Each structure stands twice: as structure tokens, then as C-alpha cells.
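The structures considered in this document are given below.
What follows is a pair of complexes built around subunit A, which joins subunit B in one and subunit C in the other.
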Partner chain A sequence: MAEQTAMSEPVDQQKAAAPTLLDVRDLHVRYQSGRGEVHAVRGVDLSLASGQTLGLAGESGCGKSTLAMSVLRLLPKSSRVDGQVLLDGEDVRTMSWGRLRAVRWAGASVVFQGAMHALNPVRRIGEQIAEPLRLHGWGGRAPTSLSPAAIRARVAELLEQVELPARRADAYPHELSGGQKQRVMIAMALACQPRLVIADEPTTALDVIVQAQVLELMGRLVAEHDIGLIMISHDLSVLAATCQRIAVMYRGELVEQGPAEQVMRQPRHAHTQALAAAFPVVGDPAHRLVPAAEPATAPTVEPSESSGASTRPVLRAEDLHVRFGGRRGGQTHAVAGVTLEVHPNEIVALVGQSGSGKTTLARTLLGLQQPTSGRVYFDGQPLPTSARGLRDYRRQVQLVLQDPTSALNPRQSVYEAVAEGLRIHRIGDDEAGRVADALSKAELRPPEQFFSVLPHELSGGQRQRVVIAGALALNPRVLIADEPVASLDASVRGEILALFLRLRVELGVAALVITHDLGLAWNIADRVAVMYQGELVEVGPVEDVLLAPQHPYTRSLLAAMPNAPGSLDEVELAAGDAG
Partner chain B sequence: MTDALAPVEEALAESAARRGRGGSTLRYVAGKLGGALASLFLVVVLGFLLFRVIPGDPVLSMTRGRPVTADQQAELRARLGVDRPLLQQFLDYLGRLARGDLGTSYVYSRPVGELIAERLGPTLLLVGTSTIIAVILGLWLGIKGAWRRGSRFDRVSTGVSLTLWSMPTFWLGLLLMIATGNLFPSGGIRYPDTPPDFLSQALDTAHHMVLPCLTFVAVIYAQYLLVMRSSLLEEMNADYLTTARAKGLRDDLVRRRHAVPNALLPTVTLVFLHLGLVVSGAITVETVFSWPGLGLLTYEALQGPDLPLLQGIFIVLTGSVVAMNVIADLLYRVLDPRVRAA
Partner chain C sequence: MTTTQNPPSTPPRTATALVWARRRAAAARVWRQFATDRGGVAGLVVLGVIVLLAVLAPALTDQTGLDVTRAPGAPWQAPSGEFWLGTDHTGRSVLLLTWWGAQVSLLVGLAATLLSVGIGTVVGVCAAHFGGWVSSVLLRVTDFFLVLPSLVLALVLSTVLPQGLGTIILAIGVTSWPSTARLVRAQTLTVEARPYIERSRALGGGHGHVIGKHVLPAVLPLVFVNTTLTVASAIIAESTLSFLGLGDPTRVSWGSMLHSASLHGAVSKGAWWYLLPPGLGIVVVVLAFTLCGRALETVLNPRLAHSAGER
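For the complex of A and B:
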């Protein structure tokens, strides 16, 4: 690993022209925690010339955020930092508090994951953007010389730069969409005209199309203002779309660094290869029905023959409508006339943006939401309406949720979590045997070892397997999975998808997988249904829909993927159109 | 909400649809007030039933130790109205209540409303002053403790507040009386020989208030401290605080502008919930220091039992809890923009 770390690529032609903006030398960060010392960053060297862009890739816990936060000394007090962090030649580690506060935001600013909680919920966004302006001024203007009107004008100008109307300054964060909040974060980061911007997972939790817009905007602004950018992401393709160089971190060390194109296309380190393979290229036959798992665990699968109308569908929705009454008489038509079939031994991917109605559709299929009109059939029979009938039905159709950490009760052992369904359905015989069986089907082997384990002792992937085991314990015929891998690390993602495939092949469990990720559909699905504003705009075999999309919405979804087939320029153009 | 209010709500909703945002505020306020009225009605019903099931014959205890004949007792019963059927008594009670008449005290033979109004002032003075001091002290110590969690200051201040919180109020009061010697008066609200001008009256009252106020604050400030401390601790790891630090804000500005406004949200509700209850919590303090307030009046009424007086106090106290709840709900809406939108 050591020789690979030293393998910085000779991209120094540009570097020689521009002065070094950030120079990290032999950085070590250690956290003091209750369970002893955690060595989060282990001897990282990194440099960035002004105006350059660098992507920092890696899985959760690899130390990439720690590295980035150490640039502004934003780490918690329990951390110890060794080495050098030179920002414009000045060591951040030895700055006085006053000097550090002056450098923060004015010299280097951060774009946090604004879609979540990086904005203060009880203050207007205009005030929050104005706050650093009042503190640092901008463009050589001292904060003392600023009139309120000048600040207001600057806030309006910043909002305009990120393509938000100036009157949004009066909005509170909760009144904005995820993409808009991210734009506010970007506007805020640019407020004091810093020379370096650090973007920490700026597009995670955003939709593909919104993600493309935000990436495009950020790339453009950084280039226009000649700002150095460090972008952190777990998704290599996102970084490749925005950054000139990519550095990959693994367990606190830098394992590979080079031009984006090269890291993406010819990864050298095994971990980079795993990261690059985790997000499949739609259209690449090597990834079709082969999720990126260790070769031994990936099942060989032929596309399901039943993916036509030849067999009787196990689950069928007929002209389903769901409307929600608005408070002032307005109505939301969440599901607008959906007809969809899931056949036995088939995986159907339901794809769409957030707000397209896919989760409402799934809830209706499970009988958790009453349809306004239309019917759901299971095995040819209409869905029962009695509580008892629904309980029997839900034994056959099980739900797997997105975030296994919140889906599991933190105080319940794995055994309890899996056995709960059995107890609800009063399946008393051989409970331990059934739990063990379900766990081994979910590939937690040997199952007995996991019985008494609590969720926090498991990794993210193992937790999701426990959730799936809980569903499998009841021998369901259909699994409905809502974004089953969206909150998992890249390397785990492949394993969980492989599990769905194997359940289909070996047990014949059909699945309806809800996702915003077309790559997932390409990985495991037999058929794909594209949902847009409550309607299914395109349904068909994966190859047909994804390789020859008919509906413009499907095309824009495909174009918004950061690693869409074709050159990066094309992607940016398409994203620009979508915005 | 009760069904009786439904037409009102509908009318409000309609006007809300016409006027948009301002209307939705009106609708919210109307909804909260409707809920409060419904709870008040329940309070009135409960107030009646509760004091009919407690044991003890008021006529017997009123005439205890006096030479009265059975006829005289029966006459007294008829005058008080306690010989009539329960339902009839209830209707009479409702009718009087509607006219603002809380009945006549058995013991004092004066209107209950008048008695309560007379005692409300001293209680509000004592409880109001103590609560304001306790809230300010509690919030300030809570914020300081949470911001430096686990520091010596935090450990000591939390420990002291919990110790005081767990002390019996009467015992702490007596202890303070003994400890301060003759420095402060140990009972009453004013000396009888104080000159009648405002300044000397006020100073004398303040002098009398020191000990009861101190006792009260010492016992109750812990709850504000603990609530503020824990809700600030919950905000301590929030991402927007990292944003604020990254912006280059000084530590105390991060705390004042970003952390505290968010942490105050749950605290405000709890403070107002407590405020409603605090009046009744003054019973012990007022009894120990013979402070002529509602608490002392309650204590005296219980000895009767003076049913109309107890009933009246009960309605006033629970009514104040309900009112404080409404204020908390409305204030929360002002403080948290997210509630405004919902």
C-alpha cells in the first residue's frame, strides 16, 4: 500500500503555473474515544493548486471527512492532529484562534450536506448567508464599512448566482427543497469569495436530476471564480464528473491519486476497483445481472423467462389512483392510474425521482394506504380489507426499508428482530429453527452466532441482512424493498443486491425494488417501470427501457447519471437542459 | 375539539382559505382556544364531582364543638344546598358558575370569588418573582453546563440543583429560617406598623418575601436547568453548529445565535407547563411562611373541608394550567417557523 500512496501522478504541469493553495503533509488524526484511540487519518500527503479541483473518494469511516475538516480545524476537541496543513503557506494547526476565525470562510469555506441539517432551522436563509458577510466582508471590503443595504444586495447577488430568486432570502430552510437548500449552501460558501471550497458529500440524498444540476452549478461557479475545490464523495462517478483529479482513501490512508479519467477507467488499487465497480455503467454487459460482489458470492443469473405475460402475476395493480386532500381544497394525485404486474421469480425495479409517487404506490400495494380507486390483486384475488385478511396478506408480501439502522430496534437482539414477525403471525412451532433458517438465507452464517447480537454491533450491510432475514422468516412470495441499498456503503451495496438476485434464483422470491438509481435496475432487475408524476411512463424489460428509452423523462434520467454512456461533456449538456 | 365547535372551525377554515396565510394563523389560534375551552369544561365537571366524593360531612365539621340540634343541622344542610339530589346540585353549580358566582365559603361565610381574588395578588407576587428568578437562573446554568459538558462547573451545578430539588420544601424553609436568624421576617407579608406610603410598604413586602422566595427558587430551579441542559446537549452535535463554526463565528456567538434559539424550543413548552403547576406548588412554602396567598387559603380550606372554597381554588388553578398551555402553544408558533408552516 505504501508504494501506491507515494504514487502521486505527474500532473504537475498545471501545478507549476499556479501557486500551491493547500498543502497537507504527513497528516495524522487520532480520536480519543471510550474504546481507546482511533487512528482516523494515517499519514496523508495532498496538495492542491489554486483553481484546481480534487475529488476525495472513499467509504464511510475511511477518514475523508476528517481530513477535510482538519483543513479548517473543525474537528472535535477529542482529536489530536499531527503533521502540517498549509493553507496558502500558513499552517492551520498553529494559527491563533483569532487568525483561524479570520481564515474560516474568508479563506476557505465548506459546502456541507445542506439537504440535511447544515442550515439553522429557525433562521431565515438570507440572514444565514449574510452572517459571514458581516463577519468578514468580501472582495477587500471591510465588514465595518458595510451598510445593511449593501449586504442585502450581496445576498441577492449570491442567490442569483445559484439560480434562486432573490426573494427566497426570506424563506426558512424547511420551505426549500433539498436541491434548493444545497444551492443556498453553495451561495453561502461563495459569499466571502474564498480561494478554497470544501464540499462534503454535496449531492448525497439528492435525486439524480437535481444532483446533476447541483454538480453542474458548482463546477461552473468554481471555474468562473478560480476557486480551488475539494469535493468529498463515496461515489466515484460524481467526482469524475466535476473534478480534475481524484484521490482515494481507504482506512485512513491515501491509496491512489491521479487524473479523474484514469482513476475512474483504470483503477489500480483493489479498493478503487471495488468503488468504481459499485456503481455500474448502464449498458455495460459486464454489469448486467452481476452486482459488484466478490466473484464467489455473485450468482450466475439468466434473465427471468417469466418476465412476460406468460405466467399469472403474483402481484398486480390495476388502474390504481391515490389522491391526498390538500388543506385548502387542493389535491395531490400521488398515484395516477398505475397498472403494474410483478410475476413470480422476477425482480421489477420501480424507478423515479423523489415525489414521483413510488413510495405511495408501494404503500398501497402493501395495503398500508387505501387507494382512491382501482384494485390490487394478489395471486388473482383482490386485496382483503379486513384487518385479519390484511395480516395474512402481509405474510406473503414483506417490506424491506431503506435505512436498516432505524428499521431495527436498537435494544432488540437479532433473534428478537427476526422472530417478531413469526410471533405477530402466531407461527409458534420451531421458532429458533425458523429464525436460524431465515438468517442463513440472508447469508448471516452461522446463524446461531448472530442470535444475541445487538444491531449496533453489526456493520451496515449485516444490519440490512437482518432486516431481510426478518422478512424471509415468514416465507413471503414477494419482497417490496424501498431503496434497499441507498444508505449502504458502495462495497456492501453489491453484496445486498447479489442477495436479492440469489433469493430470486434459489427461492423464487419475487421483488419490487423501489429506487432512484438506474444502475441498480441494470444490476439486478428483469423489468423496469419508470414513474413520473404519479404515472408509469415506461414499463418493459431492462434492456429495452434503459438502452432504447422511449419517454423523454427516462432519457433525462439516464442523461443525469454522472457516468452516463458518452463523454463527460455530453452529461453536462444534458444536465444543463434538465435545469 | 368538541363537536359544538365544529361549525365555528369550518367558518374559520373558510375564511382562512380566502385570506391565505394570515387566516391559517387565525385557524390555529381558534383551534387551540377551542381545545382549551373543552378542557376547561372538563375541569368544571371534575371540580364538582371530585369534591362530592371526598369523605367528611361539611355540616358536621362546621358545627363541631357547638351545641346544635339535629333540626338546626338539617336547616344548615338545606341552606347550603347539600341535601338536594346530586344532579340538581350540579345544575345549580353550573348556573351559578355561568353568572361568575363561585359560591359562598362555609368557613368564612364570604363569596369564594372575593376570597380568591384577595389572595391571588400575594401568590402572584411570590410565585411570579420566584419563577422568573428560577427560570433565568436555571436556563443560564443549564446553557453553561451543557456547553462545557462534563466540566467541573457542569458537575457541581447539576449536582447542587438536584440536591436542592430533592429536599422537602418545608424542611428547607425551616432550615433557612434558622440559618438566617432574625435577619429576615419569618412569616406574613407586612408588619402591621409599617407607614402606609407606597415605598415603605413595598420595601417591607420585599423584606418579607426574601425567605419564601429563596426557598421556592432553590427547590424549583433544577427543573429548568435540567430541561435546558438536555435540550442544548441534543443540539450540540447538530450540523448547523459546525457550519456556524466554519463561518468563523466566535464560540459564544455560535452558542447565542445558533444553538440556544433551537434548544429553547422544547424548553419554552416545559417552562409554561410548569408555570401552570407552580401556583399549586406554593402551598407548602406559603404555609411554612404564613404567606397570605392562594396556597395558604387552600391549606385552610382543606381543614374544613370548605367545599365551595376548594372547588373555586381547584377551578382557578387548573384553569391557569390550561391557560399556560395555550400560551405555550402560541409562543411555540412564534418561535419555530416550522410549526408556523404546518
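For the complex of A and C:
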């Protein structure tokens, strides 16, 4: 079926003459687990010619990684694979062990997820890149005929290809940044000149700007070396930036396949539409204050009118400084003179790269971190320093953490998690009623059904709702949310963001949402504050900051977004005009 | 994530009922997993029988047989129909002595363990939770006790203090807590690094709340496992001290039996029946506790149970 679709696409007709590099036919993968059989991949057909790039999109658990790993037979023993996986016409499933070893890395290689952990921390990166070279050789050279000098030269060449200086071969992984580590992983994958590279979420843990660089690099290398690339991601815009074709997986099946532009712009399947809508386009009015939830439940929101100086700010930081002393006497200036206001009934997005001091600022606002100098005012009053005063303050300002899975005690039921705040503040009257109320405000309905459920029985989105309900139980006036949707699946993101908007509209809860994602700011925020190296470089209404950025850092953030080309051009134009 | 569609639909009546229902379910789950470990179940059965016999000793046997002046038999009699395990140097039944000895050995083992695990848990949790100078002081103290040869310290303590069960318990308890403290500290540190502790603080929770509601429930299973394993070594320590003549002279324990056996030349007389029963008693009880402890460890410590792992 997929082949028929492929033939009908004009892009693929040009490539049809090229030999098929990878041909997956009616592939089924089943896992045997304690809870019965899991049918992870259900009859997938896929083909890729050399020099082609294919993006594989889908939510976590949809089987996209399983599909990719089955190409190199890297699945656990508990799995059963049916169907055919033809790599250069040879079925991977029936290869002998020795042949499979030869094919792995020399024929097809993998850029694994999480470059932070895929490198051996105690070996120099040069040695790690050389490892596959010593085992497989490259370009028809047998490993036995290789001199150490030749290997060194090849490692230097590879590092140069991924735009790292050759002397970095002597560095250990911890001396490199996240983006540099990812480049090393790519160099390793290219070492033996494979014909197929599989990249599993290659940019997940990276910043927007670094992500753009890595994607650009991968796209260029694939084109130069005529490699077939399969890139896995949950983010359609990342795939659209690098791949010619995109295939969307849902519950183990391919639901849509086509040229990247078409899948991105005119998604046909409902699931693809949800994926595409989950990453809003900055500048597109259709996404402004309309999170991607079901239209019926999406609240109609007017931009907050209180964003001016007319109302008194509910939370205000004044010239806040936070310094951390280093072990060797060096100091980190995590927050360097921040003045920020959050007004009632307003959502402020705090945007910046990782390491820009966003989280430290949030912890200081919550009183979890003592500022070195400067003050935080709540409702015009300076933040109390006594334990008792802080406890009262925390009824008013609540925290929503990034990863709901670890933010809930796995041993406590939903009821206890939500009631925790009530018990700390000794609000004894009608505890069950308050918990039920908070749960239904967080849209877990009917609330009684969730009382005795343990966190691991819930989905990611439901867990985040429980965390939010736990904060709402105290009737706070401000929510501080640290990357509230970063660890959630695309289709759930919209729902959680819609919840924040609804809380603002219906309960008047102000929110400070910390994020690295400008699309999210465009999606729900009234004002946006851009943080760079501990300072706020630009603060203002979303439309002003994101459509006409003044500071060069804001511009580079916007330019790095893997978005539709239209908006990118605009940003570049704006940057060009200003510069 | 498989059960999201239909969460249990029976709403609980009160919050406490909810907590207890969950605890019962957790206990049942632990028991089911424990029951699959044959060694653990065997150890538990053996322990149960021994504890029952020790507790019922006053009801089932005649205590006067322990009195040297009223010894029923002749000295050094080999096992026979009348004295199943023979008699000792004064003519008392070795079976009776072993039976009553189990009482003291188990009592000292358990009490010393409670003391040791109690000190260790408090020190470990405090060292990890409060950090800073509290942590430094507590850790240095722990290190100090860790490097002291515990047998020598126990010897000194039981020589200096008046002889008796209390002294033995104190001597063992005070010397064996550092390893528990280290273990508990490590576990507390990993728990405290979890974001739900941060969430709890942001909700306004103080030290007591964080320790009581989050740290202790997570650390206690490990402490429990550690307890069963410490009992075994405490029983051995008790036997060692009694064998060296530092035990309570008025009460029979397995260690003191071995002590008097060697003192009165049981070896040269070939009186194996006086040496083997207390020795085997120690071995069996220690083995039973270790089996139980290992089985519990695989159930409660998810890092060891690879297949069952924490979801």
C-alpha cells in the first residue's frame, strides 16, 4: 500500500530509478511481556532509496523506534518480527550473525537518542570514533590493513565533517556541550561510510539554536554523501526541516505518508493534524491564544487587558541577583538583575535557552532559593523570610514542574498528592470536597474515579493535570510552571496549554510559564520575557516581541525555530532590516 | 498507561480508609512475590517454628532442669532415650539448655538489631536531609564507629559495664549501626533528589513533612531488609561475646553453652553432643534470617528485581 502511495507522489517518481536501499514489507513486531503480547508494529510498508531522507513521526509508544531498530535487528529477545526487512535486497531477519555484524555500522548505522548518555564518559572521543573504524574499516579497506596514523587521519576528517576542530579528538565527553556531543555521535555514525543512517530523536535534549545547527549539519552530510536517512521525531517541524518525505505512525501503523511540505501543510489523517497543530507557528493568527484542543472545549480568549501598568502586579521581582559560588572560587551569576512583573489575570512566558537562569529565577520567586540581592514582592509586600511566613506565601504562589512522572510520589495515590498541600496548611474542613473540586478544575472528571489511582496508572497528560490540581487545591493566585509541556506528547500539549488558558479566564489565575519554545509563548501568553545569560533582554506583549523583535538574541531564537519557511523569511528580513 | 481508560471506580469513604486500602494491597503484593521465593519461605517457616518453641519454652518444659544443683542426670552422658542430646558437665539435659538458649539468643539478636537500625536510620536520614555541618558532624561520627573494630569495642563495653543482657544488647547495638546509617543516607539522598520533594517544598512542606511523608516511606523497606540481615550478625555477635565469657552468667544462651563446653573440656572428652546443638542452632537461625532477608530484598529493592522492576 505504501509503495502505491509512494509511486503516486511526484517527488518519488524521480527517485524511482534509484536502487531501493531499504524495503520494509508488511512488518509486524510483537513483544512478549508480563502483561501479555504487545503488538508494537502492525503491518508497515516502507521503502527508501539511497540519497533519500524520510522522517518518521509519532507519539511515544507508537512503535516508531521499534520500527527503526528492527532494521538492524537491535530489538530485545522478547520480540517477534514477521514480514520482510530488505537492506540492499538482503533480508535482515535471515542474515547470519557474522553478516549482521558486518552490516551493522558499515552498511547502516544509528545516531542514538540522548547523546549525553550514549558516549562512554571515561574514553576520549577520538578513540570512540575510531572504534567502529578498527572493527569494520571503511571505503573497502579491511580493518587489518589500517595503520594508527590512517585511523587518526580518518577521525580528524570525520570531526571536520561535523564541524568540530580535529584537536577535539583528545577531549572527554564531559568537556563537550550537548550539541558537540551530538556532532560526535553523528561522526561515529558516518565513520564507516554507511549507506543508511537512522537518527532516533537526534535533537530532543538540545536547545533551539543548537538544534537548528545539528539539523542543518545532518541535512548537508546526507546530501553530500548520498546517504539514506531515517529520522525519528515527535516534532513534525523538525522533520519538515530536514526530510523530503514524512511518514506518520499511530498505534503501530503508518497512517500517512507523503512529501514533507504536504504532510505539514495539509495533513489528511486526524492524528497528523493533531501533531501538526501541537507545534504552533509563530506569527500565525490561527494559533494565537488557541491551543490545539478539540474546538468544542477550546476557550475563547481575548488578550488580557491588564498587561499594562494599570493594575498592580501580583508578583514582582526587583533587580534580582542570584550568584552561585563554584568549587574553585569561581562564581556563576545565574540571575543578573532581573525586574519582572506578573499582573493578575495574565500569562507571562519566560523564554530562553537552557542555562539562561530561567529555573533559578522561578525558584527564587517561589522562595525556594535565596536571592543574593534584590527583592521579590507579592501583592506589594516583600517576600517573608521566616519559615512560617514562607509557608503562608506558598498558598498563593504554586509550582508546576516539568516532568509530572517524577513530580508525583509513586507511592501516593492521586488523592494524597492533591491533598498534600491542604494537609500542610491544615485546611481540614471538607478535604475530600476540596480535592474533588481541584481535580475537576484540572479537568479530571469525574474526580472520585481518580482518588485511589496511583500515578503510574495514568497517562503523562493526566499526571500533569494531577500536579496542576495539587497546586489549585490551595486556590493560588499565581502558578509558576517550569516547562509544563516539554515532557508530554504532542497531542496532550495542546490540552494542557488550553487548561492554563481556561484557568486564567475562569479563575483569574495568573501564570508565569517557563519555556524554551517560542511557539508555546505565541500560543498562550499575553506577555513574553526573553532571558539571556541571567538577564531579561526583552520584555513586552507577545505580538510586539515575537513579530518585531528588537534584541539580536530574540531574533536568533526566532530564526532557529524549525518552522514553516514563510515565518523564517520574515524573521530574516526583519533581522536584515534592523542590521 | 494501560489502565488509564478505566480507573477503579469504587470511591473510598475517607482519606484514611484510602491509605489503609492501599497499604493492605501493597502488603498483599509483597507477600505474593515473597511467596514465590522458596528459600525465603523455608527460612520463614524455620524461624516461625524456632520462635514459637522459644516463646513456649516455659510452658512446655520444666525450668528446674536448668538448675545445676538439681541436675537430673550424670555428667557427660551420651545421647540416649532419656536425654536425647545427652548431658553436660553438671548432668543437665543439653536439649533443655539448647531450647532455653534459643530465647536469649533471639531476644538479644532482635533487641540489638532494633537499637542498631534505629540509630542508623535516624543518623542516616538526618545526615542526608539537613546537609551542611549537621551532615559533616554525623558522617565523621559514623566513620569513627565504622573504623573501630566492633568486636573489640563490644568487648570493652561489656567489660566496663555491669554484666547482663542489657549490656550485651547495648554493646552490639552501638557497634553495628554505621553500615545502616550509610545505607539509609545514600537512599535518602536519591529520594531527596526527586522533583516530588521540590513540589512538596513548594506546597509549603517543612522538614517534618518531607521526612515523614516522602523520605521515610521510601527508605523504610530498605531498612526492613537491612534489619533481617542485621539480626543474623547480631546473633553471631551475641554468641561471640558469650563464648568469650562476657554474657549474662545467670542465663543460658547458645554462646554461653559453647563457652562452658570448651571451658570444661568437651572437646577432649569427645562430648560432641554438647558442642553441636548450640552451634547448629546458631547456624540454622542465622541462615533462616539471611534467607528471609534476601527474599525480602529482591521483593522490596527494585534494583535487584530486574523483571519485576519499579514501573
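Here is the rule we go by: the second predicted complex is superposed on the first by the 549 of 579 C-alpha atoms of A that agree within 3 Å, B and C clash if a C-alpha of one lies under 4 Å from a C-alpha of the other, contacts with A are read in each partner's own complex, and residues count from 1 in each chain.
Methods note: a contact is a pair of C-beta atoms (placed from the backbone, for glycine too) under 8 Å apart; a residue touches a chain by one contact, two chains touch by 3 or more.
In this text the structure is predicted, and so the values were computed from the model without any measurement.
In the superposition on chain A, no contact is made by A:D544 with either subunit B or subunit C. Once the two complexes are overlaid on the shared chain, A:W105 sits against subunit B while remaining clear of subunit C. In the superposed model, more residues of subunit A are touched by C than by the other of subunit B and subunit C. By the touch criterion stated above, A:L74 is placed in contact with subunit B alone, subunit C being left untouched.
Legend: residue contacts after superposition of the two complexes on their common chain; A:P132 is shown touching subunit B, with no touch to subunit C. In the superposed model, A:E175 makes contact with subunit B only, not with subunit C.
By the touch criterion stated above, A:V122 is placed in contact with subunit B alone, subunit C being left untouched. Using the contact criterion defined above for the overlaid structures, shared-chain residue A:L458 touches subunit C, although it does not reach subunit B. Within subunit A, no residue touches subunit B in one complex and subunit C in the other.
In the complex of the two chains, the subunit A residues touching subunit B come out as 69, 72, 74, 100-106, 109-110, 112-113, 116-123, 131-132, 135-136, 172, 174-175, 188, 328-329. Only residues 1-4, 7-12, 14-15, 18-19, 21-22, 194-196, 198-206, 209, 213-214, 217-218, 307, 310-311 of subunit C touch subunit A when the two sit together in their complex. On the side of subunit A, the complex with subunit C involves touching residues 34-35, 61, 366, 368, 387, 390-392, 394-395, 398-399, 401-403, 406-411, 413, 415-416, 419-421, 424-425, 431-432, 448-454, 456-459, 462, 467, 470-471, 474.
Contact residues on subunit B toward subunit A in their complex (touch as defined above): 16-17, 238-240, 242-250, 257-258, 261-262, 265, 335-338, 341.
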